[in-house]
Each structure stands twice: as C-alpha cells, then as structure tokens.
Amino acid sequence: MSLLGEDIVTEDGEFVINIGPQHPSTHGVLHLKVWLDGETIKRIQPHLGYIHRSIEKMSESLSYRNFIYATSRMDYLSAHINNQACALCVEKGLQVEVPDRAKAIRILMAELTRLSSHQLWWGCTGLDLGAVTPFFYAFRERESIMAIMEETCGARLTQNYCVPGGVMYDIHPNFRSRVKDTLKQIRSKFTEYEEILTGNVIFEQRTKGVGYISAEDAISFGCTGPTARGSGVSCDIRKLYPYDGYEKLQFKEILEQGGDCYARYMVRMAEMKQSVFIIEQLIDNIPEGEFQAKTKMVLKLPKGEFYQRVETARGELGVYIVSDGAASPYRIKYRSPNFSNLSALEKMATGTKIGDLVAIMSTIDLVIPDVDR
Amino acid sequence: MKLILDISFSSFATGIHEWLVGAIHSEGLVKVIEMVIAGLALLVFLVPLCFFLGYMERKVAAFMQVRLGPNRVGPKGSLQIVADTVKLLFKEGLTPNASDKFLFNLAPVIVVVTSMLVMAPIAFAKNFQIWDISIGVLYVSSISSIAVIGILMAGWSSNNKYSLLGAMRSGAQIVSYELSVGLSLISIVILAGSLRMSDIVMSQENGWWIFKGHIPVLISFVIFLIASTAEINRAPFDLAEAEQELTAGFHTEYSGMKFAMFLLAEYINLFVVSAIAATLFLGGWMPFHIGHWHTFNFVMDYIPSSIWFLGKTFAIIFIIMQFRWTFPRLRVDQLLTLEWKYLLPISMVNVILVTVMAIMGWHF
Amino acid sequence: MTPEEIKLSVSELFPNATYDETGEFLNVLTDSKDLKPMMIALRSKKEFDFDYLFCLTCIDWKTHLTMVYHMLSKSNNHTIVIKAKIADINKPEIETVCDIWETANFHEREVFDLFGVKFLNHPDLRRIFLDDEWDGFPLRKNYVDENMIEI
Amino acid sequence: MKEYFGTIFRSVRSLLKGMKLTGYYFTHPKEIQTEEYPDNRATLTMFDRFKGEVTMPHDENNEHRCTGCQACEIACPNGTIKIITKQELQPDGKKKKAIDTFVYHLELCTMCNLCVVACPSDAIVMGQSFEHSVYDKKQLKKVLNLPGSKIMEGVE
C-alpha cells in the first residue's frame, strides 16, 4: 500500500525521517535528515540555515560600538559572554586598558550567565529524556539569576552590558546581596538536582555509554567546551588563555574521561559548582574604581587582524576581526562553538537509537542561532 | 448512610428490572433495554470521570512542578478541561490524503471501545457491577490487549513515519508487558481460587490480599503497577507517543474529536488499570478491617463501599501520575530489557511462591 | 615551539612561504597551490602536530581572496595562522583540508556558501545555510541584493 | 545473582528518591513559584534599569531636554531613531537648531540602550513599559516629543 510507496521508504529500502525543523527536542530550528534501520540510526545529515541572519555581513556595516549588540542574538543563552568576546577583541585592537572593576564585573556576569545557561540546559536535558519536572526546578533557580541580570543590566537575556572599554554602567546597589541570596539558594538545590535526575537509574541508563566520541575525534571535529571536556580534552579557554583576570581566580577545569552523554552531563554539573565558586571568590572583592575606560567617541581599529577567544557556556567562541583602519570592521568572523560541536553529531549518533539522538543533542547543548549566525 | 447507599444500588437495579418486566412482557426486550441503560449509565459516569482525571493530572503535575496549574476557567480552573474538550469538539477533524481513511477513522473507536469494555466486570461498590462474569480476570486481560490493534491501526493508516514508529514501539511494548500483567493477576487468582471479580473481593473480607499475601503479593502488586503503566502507554513507558522523539507518536496525524477519543481512552485505561489493582490487591469496595478490632471494623463499615473503592482507585491513579511526572522515559531496548530480564523472571518465580503459599495455607 | 622556531622549520620545508609577525600569531602566507602539502606536514610532523583547526574562514580583498586557517597544537601548545591567497577571484578554487581535520567539513561548506570558494575533493560540497538556488555569495564585497535595506 | 538483585535494589531506591522529591513539592504548596501575571499587574514593578522602550521625559511645562544633536540616531545600530530638525528663531534673532519630530520605531528597537548612553544631554531614558503588542504595525511608530513641547531652558 501507500506505506511501501516512495514517500516513506527510499528506493534502496532506506527509511528516512526528517527530525525538525519543528520538533520538540531540536531546541530551535535544526533540521536533521535521519536514515534509519528500524530504530537504529544509519546516517544523519544536518540541514542548517533556518535562522541564518548574516550577523557577520551586518557587522561589516556597523561601527565598532554598535556591532556588539547583535552577538547577543547568536548564542542567546550566553549573550553576555558573546558581548564580552567582542568587547575584548575591540579592546585588543584599540589597546585600551580595562579598569579592574570592569573586569571583575564582567567575570561575575559571565559566570552568572554560564550558571543560568547550564541550568536551562539541565532542565532541557530532563525534558528531552522525558522527565518534565526537572525543567521547572531548573527554571526556578534560573529566574533569580535572571532577576540579577534584569536589575543590573536592564534586560534578562540580551543584556548588551559590555562595551569596548568596560561595562555600560556600574552594578546596581542591590547586586551583592542579591547574588549572595541566589548562590545560597542554588547551592541548596544541587542535591535536588542529583536526586531527581543524576542518580536516577533510568537517566543513567539513557546516558551512560551513549554518544561516545574519543578525545582524538573531539579535537579533529573541533569540539570545545563541555562536549570536548567530557572526552578528556583540556580546552577551557579561561585556564589556557586567560582573559579579563581569570588568571587571578581559583577554579578547576572539569575533565571527564567517559566521552559519552553521562560524562558531558557530569562536566556541566560540576561546572555549575565551579561557577558558584568563582562568583563567591569575587563577590566580596570587587575592586573600587572606574567601571569603564575612557574611549574616543568614534572607535577606529588600526589596520590588522585581531583574534579573541573566550569560553562561553558551550565552548570556545572566537571573534576574528580584520580591520582596514576604518570605523567599522572590514571582515568579522565568529567561530561559534555550536557549529563545530554540531558537526560531531553524526559521529556520535551513528548506530544509536532515535531516543539516544535526543539525549546526544541535549548533552551537546545546541543553540541553533549560534550555529546559523 | 452506608446502608442506604449499599441497598440502593441493588434495589434500584431490581426495581428497574421488575418495572420493565411488568411493562414489557418480552424477556429478550427487557434484557436489551437493561443493557442500553447500563451502557448509558457507564457513559454518563465516564465522561465526568475523564474530566476529573484530566483536571487531576494537570493539578498533580502542576503542584509537583512548583506551579499552580489551570486556574482560569471555573473555580480553581476546574472547568479548563471542559473548555478544552469543547475546543476539540469544534476543531476540524483532519484526515490526511494519503491515509487509509477507513482504518484511520476506525482506530480511535476501537481504542475507546476496548477500554470501555474492560469496565464491565469491575465492582464499583457492593452489589454494583455491570456484569459479574465468571471469568472476570481473564476477560479483563484479554479484552485490554485488543487496544494494541487500535494503536497499530492508527499508526499504520496515518501514513506518517513518526506514527508508524510509534505504533511499532507500542506493539512490541504491549505484547511483552501483557505477560507480566497476566502473571501478577494469576497470583491473586491462585490465592482467591476464583476468576470472578465478586469472589475475589469477597475473599478479602478479613483482610486485603496485599496484607494477607505476605511479600509475594506485594511483589506482584509492584509488578502489576509497573507493567500496567507500560501497558496503558503512560510515562515513563510512553514510547508510543514519546513527544521528544516522535513528536506525538501514533496519534501525530489525529486532530479534533478523533484525538479527543485517544485522550479519553488514555484516561479510561488509567482508571480501569487502577480499579483492577484496587480490586485485586486492595480489596475493591471492601472496607479496611483489622483482625478482631470490632469497634474499628464497625466504624470502617460505616464508610460507604463506593467511597472505599474510589478512594483506593484514586490512590493508585495518583501513584501512576507521580511516576509520569518524576521519571525520564526509557529507551525502546531498555524497555524490553526491563520486561524480559527483570519483570518476567521475577513474576514467574513469584507465581510459584504464591502457589506454594496457597497450597500450604500460609496466608492468613 | 616559539614562533621563530616554527618559522625556521616551516621555511626549511617550504621555502616559498612568506611570514607576517605583526599580529598576535605567526602568520604564514602561501599560495593556494602549495596549501595542501603544507597542511599535511603541519598536521603529521611530530614537531608541529597541529591537531586542532579552530578557525577556518575567508577574506575578500576585492582583488583576491585569502583563506585563513587558525591552528593549534594541543600537545605542543603553539599556534599558527596559515593564509592561502587565491588569486582568481572569479573562479576561486583550493584543495580541501577536511580529510586532515574533520571540522573543516562544515567550515569549508560555510565558506563555499558565503564566498563561493570551490574546495576540490570535498566529499559533500553543498550550500550549508542558504538555499541551493541562491544567487551569489553574500559575504563577497561586491554582492548586491535588491532586498537589502541600507540604514 | 547478587549483582542482579543489587541492581534491582539500587534502581528502586533511586526511583523512590525522585518520587520523594516530587512528593515533597506536591505536599508543600508554599513552594509554588507561579507569578499570576495579568492579575498582579497592579502590584508588578519592574526594576528601575529595565529597558522597555525609549522615552523622552517632559517636565510640567511640557519641556524636554533634546537638542536635536542626532547622537542617538548615529549610535543606533538598527535605524530605530529618526530625528527631523528645524531652524527655530531665537528671541535674540539668531537661528538655532531644534527638533521638529523625534521618530522612534519601536518595531525595530532591540533595547540595546546605546542611544541612551550616547545622549549628551540625557534627553532620552529607557521606559518601564513592556506591554507593547498592538494590532497594527503602524502604531509602533512613535513620536517621542509631545506636541507643542520645546527645549528646556539651559540645555545646550
């Protein structure tokens, strides 16, 4: 009957399904063409570009002050870190010394962003594996971080708080007490996270040994962030190429050797605790002083090339600015972490089941606007 | 109060019967009319029941997820589900062009009808049973397995790849979990010595099987809970729907009233499974009695039997709902591993234990 | 290795390459034809061992295109930038490196999509973001789109 | 065999742990986080830095602080702001540039705050309102200076 028609099964007997662009677990508009054998995945082909907004082309016509806001829309869950990367790259070109206070504020905000991003990821991982409840617990804590963001930066997601030379305005007077309250709340909830998801036997079975990628492959595919650290590849930019004063802080680079979904999960869980640790070190030691360095009205980078990389919640973000001495970049390239991480998806998911594909996608923690840019 | 209720069910039915016999002098016609009345009564009971279960599920989920749940329509949001049903009724029931239209429309009917049929031998209260068939337990387990045909039919006829995958999963799942459900039911049948539902309830007059039957019955109760959760396709075994993997599984293509029928069937199944668990393991409508505490037992007797039955049923429904809102979903191969590697061997050994216990008379 | 040492070793192997050390990293400038053997050497030779290609992009200089490869060695912890000049802007072609680094697969498809550089021997060279029917290469400087709004 | 039962035991324990947690929240309705948004509209206050929309405050004499210098227009990455200036005759006979209309396209605005930062005379601030949805896109095009308003005394 129609089932044997060419719509469902291709000529050589392959069963092809399109997961996405509108699908509950693709976290946006990712479109995967999946070749199946029963439930087992034989091949995956990602189709990208559903939300390609040509941020790189746009930035070529914007001034060095103006292009930063657009990067909030790339990896919208680590918007602040994206802005920070651009600001750092412009500062590198201008050779501006950023005041210590601004650096500390930037790190605090970046770690809060990382924390909120990981919390959202944790909730979504539960959701993807069929446990709906963790999502709400994660959002409860995330909400208090969002309140901090809103109070100091004026926006919850796309803050646009970093400007070349520092931050846009000083922290809010309530900032310290609010951060401390939030950290206390988050610290007390880590055990809940472990009870409902980490220790759960179904969850362990769904993630352990699923979506394996070796360290060599992870490097070759250009995986970064928790995706690579789950395979034991040391790639934390905060440690290897410190920026904004990360070298003065004490924190551990989390490495897991498993290379599977569970290892990636554990890396992120431990990173949340490390972020809390970093914020605790800084919150009482924010240096006094200016929050922004004096810069010219119109910024002009000297002729040359500038590359700045930062560690976002998902991996290494590279900002590559080619300047011809004008007031706007000649060419700008964002090396986004998700784009490279996504390319490893086929390697991880071939030979697994559809249910595993969902688990793998959620532990890579894809943000599709960052892939498409 | 209790006496009035209990007597009323049987005397009401007898009254109607006698009035019908008096009015119509044909035995066969009276039977048909009585059947129609029973069927209508069941429908009238089922629709509010499903509304309530839908409301309960939303509220239970909401409270577990630190949120309020529906609170707009009606007092405390209690009419939300009615509003949703009305919306589904008015929606266009789409039939995909490439689907097998006859099977596509037949599937939801089969699913709903089978789940309603299973209601027949359940004793809702003392003397209140639609059909006290002598092979009650066998009837329940055989009829409930027809539902898989409806699901397979829905998945196949939709001509959608997701639906097909969901239906195939469901087929494998229901067929294998049927075994564990059957075996755990058999352990009670062995103890009670009868397949008739009313006999099983009466055998628990001096204590429910879950207390009388020591650990083996407890084990078969747990196995029954797990396996029947899988059989009615509820999370963590909702692989046939698996929203995050297959969007909506076997009912991806359904909309409007036909979709509502699947929803209706899901809630009726939930109720039926819990009712059977309550009847077999927790004594059905039988009040809670403790040995020779006559005063206590007397007080317990004053609670109407229907309250006892519904209370037990809803307690089990709550547990099944809590499963859904706590656990992640299993993968399809792990689902089968759970059944064939754990539940089935354990319940087989368990049946032997129960048999030994029944023969030796070790139970109370 | 320090940039000077890398420079020495590279110039031993590839005498045609020129260097630019004004920026943050050591830039090795080469021609598109010499790229592939150089990349193979940089990846496979133990003293280089550039196993991590962290950025791959292209720059349109209006007269020619330049492919830019940022590479890092995880074991030796040194960085290098290779710039390959593609002289023919109307029909740009270069050898693929995605058999050396898997990550180049997607990045080269992106460059093909937005700059129109044809990567020879690439296993799956299709447009990655835009439609297959898309006309032109948006990140080229001479690209005009009638739908573009000038602000 | 020991491993087999150990697995069962551990699994059941881990599952019960999860059920304990959800059970805890079920029985503690005080933990509920829901904000009943449209109902709490009267008491809802946004943070003072909240970036809702660009507004131009006017004092009681219907005077604003905008000199029409167009710094915000240049600073805006999206072309959200269009300032139309006019030449105003001063009492001393000199002509002075002043704003005629300050056009603000809310539909293009990304609330990046760059215009507010760029403004040398603090004429524009970010407003607190966030309920921007309208039925017609045209309604999103706003004129920020009130009719008949003029520049405040002393603002250069």
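Note that the chains take the letters A, B, C and D in the order they are written out, and that residue 1 is the start of every chain.
One rule holds in what follows: a contact is a pair of C-beta atoms (placed from the backbone, for glycine too) under 8 Å apart; a residue touches a chain by one contact, two chains touch by 3 or more.
Everything quoted here is computed from the prediction, not taken from an experiment.
J.: For subunit A, which other chain has the most distant CA centre?
T.: B
J.: Looking only at C-beta pairs in contact, point me to the busier pair out of B-D and A-B.
T.: The greater number of contacts lies at A-B.
J.: Using mean CA coordinates as chain centres, what's the gap between subunit B and subunit C in Å?
T.: Roughly 64 Å separates the two chain centres.
J.: Whole-Å distance, subunit B centre to subunit D centre, using C-alpha means?
T.: Chain centres of subunit B and subunit D, defined by C-alpha means, are spaced 52 Å apart.
J.: Mind checking the centre-to-centre distance between subunit A and subunit B? Centres are C-alpha means, answer in whole Å.
T.: Whole-Å distance between the two chain centres: 45.
J.: Quick one: subunit A and subunit D, Cα centre-to-centre, how many Å?
T.: 25
J.: Got the subunit A residues that touch at least 2 other chains?
T.: Touching at least two other chains: 133, 136, 140, 196-197, 200, 202.
J.: Going by the contact rule already set, what residues in subunit D reach two or more other chains?
T.: If we look for residues of subunit D contacting two or more partner chains, we find 15, 18, 21-22, 33.
J.: Give me the residues of subunit B that touch two or more other chains.
T.: 64-67, 325-327
J.: Can you list the residues on subunit B that touch subunit D in the complex?
T.: Touching subunit D: residues 60, 63-68, 71, 322-323, 325-327, 342 of subunit B.
J.: Under the stated contact criterion, what part of subunit B meets subunit A in this complex?
T.: That would be residues 61, 64-67, 98-100, 156, 159, 161-162, 164-165, 169, 235-236, 238-239, 242-247, 325-334 of subunit B.
J.: If we count contacts the way the header does, which residues on subunit A are in touch with subunit C in the complex?
T.: 48-49, 52, 54, 56-57, 61, 92, 216-217, 219-222, 224, 233-235, 304-307, 309, 316, 318, 320, 322, 330-331, 333, 335, 339-340, 342-344, 347, 372
J.: Note which residues of subunit D are touching subunit A in the complex, please.
T.: Result: residues 10-11, 14-15, 17-18, 20-22, 33, 46-47, 49-51, 75-77, 110-114, 117, 126 of subunit D touch subunit A.
J.: Residues of subunit A touching subunit B in their complex?
T.: Residue positions touching the partner: 1-3, 7-8, 15, 17, 23-25, 39, 126-133, 135-137, 140, 196-197, 200, 202-203, 205-206, 353-358.
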